[in-house]
């Protein structure tokens, strides 16, 4: 059985994240979403609650991201870390992070999925910007999670 | 008559912004500058005051940016939004924002101007950095606005 | 009346080019497509024939690209040159070309349209690659032009 | 059992390609290398011969690339296509190709591996450049394949 | 004698910075490291203390960065400013900063070193991220400075 | 005495190349321009003749580029190789080439100069494009070399 982690801040988890998650399940048997602790628009617990609404019935677990990725892969028998890439900026960041992780453990592995064209504009920060202007986020987040995300607005 | 909007934070409005504005008036009959509310170096009112000094006698209006761009274009009969691009970083950001806006309204339109080589280093953040080191901002902002910008320093 | 040119090699003219053309007609009253002379997959005359099938009834003319763009804008009263941008590579090239043209004539103007996400993968070279592998180009070129493009295959 | 394809021109297959291949075997049970037909430094048959020297004892097959990737994945039960990314240029190209393939078949899948920092300068074209200057290619190609590659020089 | 400056925030000074410094001493006879005043992970004084541990016995001085670079070069007889580039993001930033400085003084000079592949993932921010997760920073900072950096953690 | 090489194809040597050359002489005492053998618009001998017109009275030599750069630096006591960077595309290429050279000899050194904004659009290929359209190349090449370059047209 091949397991992978999917780390991120997920503030909030979007339809872009969800597409990467579903596509990675064609390749891995189980995914553990690792959610960073830092609070932003949503607090850590709300971020988890939002993710739970997306993943019902899927072989997906959710945990706190509280160790180095290289440590997590070594300790818990994961094959790889999963990341989506939308843009040059994402690519540049992921390239540095991958190199940093490989420098810590040469066996560290990361698998990248290119976001689909029709989803590549979706980001957590654009969702937050749209909320700020009272715009409609229906095309950016799952319908199960939409109300919860809007209610969590401060 | 073809009208366009020119949205931004303009903190402060620079000679780079002014060049984009003048060039867009070769194509559009009227431009409305939309200024974001967030305060930075200058407060919202000072940002407006600075812009007013540049645009005397031009078919240009200034308003608060308080709705989604797609909403503004639909509501007020604008043909397009105008944006200047200086660098890869700008391009990457604009590409995402354009895609996000198109996903909200497929008729949304944005027209991009490449900054001229001799102006492509000008940015609001460099102006602020120069001010911090007591450098000379004459080559970065309009001479009508320079004193007002410097006086507004906290 | 505001006129613009749309220069390119158009080998062949794709649905990506067509989208840029249609969007530019929201802003300009008339567009002249300038087709480069060099032969590739299609010869110059076939390239023209293909374009004619797209533009029926539109305020669009087609001509040979045989002078510098700055010269054409000066001589023939065009306001600007139009270009679509899909990717970083396009951006980098366009930035250099715009700077070169501005160095030849400071009044040279170019207006850029970002390709829509659902069209940004369309390029003349991918069309040619698909044809080589006997794939289906229906999603890449106009249906009026498809047969003509396929028949022109050597 | 999860199978993937690894398409490329492999002219010649380098230690960079070999690293991507080995890493993809941590995730997939079997890989089929698809070699493009076009001749360059090495002809198609020599390209195959070189690859055979690398893959002894590995669950890897080698075939001619003569159909669209989307067709191959549909016809032969492959889960995904594998690609390595070294640079911005690679990223930009892969992003377009992925989008083109997804436009042909929304279920098309591609999995990307970031090249390791210590290997990211290795490319087939640099190998050919070094050979042209009589330099040493030992750090760029497998030692089993080195002599064969050098002998194939015209 | 040719002298150069090496400006930065150095929060903290890493093995990446140290490599650029050593390489620049093959070209310049003396380097002055200019440390920005802003406090981050380390305060200004700790940043200096860290740097002192790296540069023992080298023709290197350390000073506060409190003027515009163009001013410093003019006032103090430096030939150039030194900068390392790791990524596209770095490049884009440096290009803008260089252009801004040249616009202030056409004789301003900057010399760029490409970071070595095996070091290009090292950045001050990754060091801070690793510290936050109690990871090992030995491969990122000099062993003389490591304890001092860790002790300075708040 | 510090010597450097400046390798390139220089087809033809432009005002962009000349600016990099002059700026590098602020740092190095002597520069050797290494001209690649391949013929393009100009043949190898014409390329040399053009360069000779630029460098009269400067501590600059011109030679054929016929060995690996790492070999040349080792054999002939040069401190570094010089390269100008104009764009993302240049950066991406130079990053790969630097990494390849460092992999061959860890002491290999390369020093990069960012092209000045007002010159960053100048390239040999744009010069050739302008010549093809009978445009004016005065702003792109040295006036001593202009006639020679135009006369060499096939």
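A few remarks follow.
We just call them A, B, C, D, E and F in the order they show up, numbering each chain from 1.
Please note the rule applied: a residue touches a chain if its C-beta (ideal position, glycine included) is under 8 Å from a C-beta of that chain, and two chains touch if they have at least 3 such contacts.
Please read all numbers here as calculations on a predicted model, not as lab measurements.
For the pair chain E and chain F, chains touching both partners: B, D.
Of all residue numbers used at the contact between chain D and chain F, under half are used by both chains, marking a mostly different-residue interface.
With every chain reduced to the mean of its CA atoms, the largest distance from chain A is reached by F.
Distance between chain A and chain C, defined via averaged C-alpha coordinates, is recorded as 39 Å.
If each chain is reduced to the centroid of its CA atoms, chain B and chain D end up 46 Å from each other. Per-chain Cα centroids separate chain C from chain D by 33 Å. Contacts with at least two other chains are made by residues 88-89, 92, 95, 98-99, 102-103, 117-118, 120-121 of chain E. Applying the touch definition to every pair of chains gives A-B, A-C, A-D, A-E, B-C, B-E, B-F, C-D, C-F, D-E, D-F, E-F. Residue ranges of chain E in contact with chain A, taken from their complex: 86-89, 118, 120-123, 126, 130, 133-136, 139-140. By the touch criterion given at the top, residues 88, 117-118, 120-121 of chain F touch chain B in their complex. By the touch criterion stated above, chain B contacts chain A in their complex at residues 66-68, 70-71, 88-89, 92-93, 95-100, 102-104.
Within the complex, the chain B residues that touch chain C are 2, 23, 26-28, 79-80, 85, 88, 91-92, 94-95, 98-99, 102-103, 106, 109-114, 116-117.
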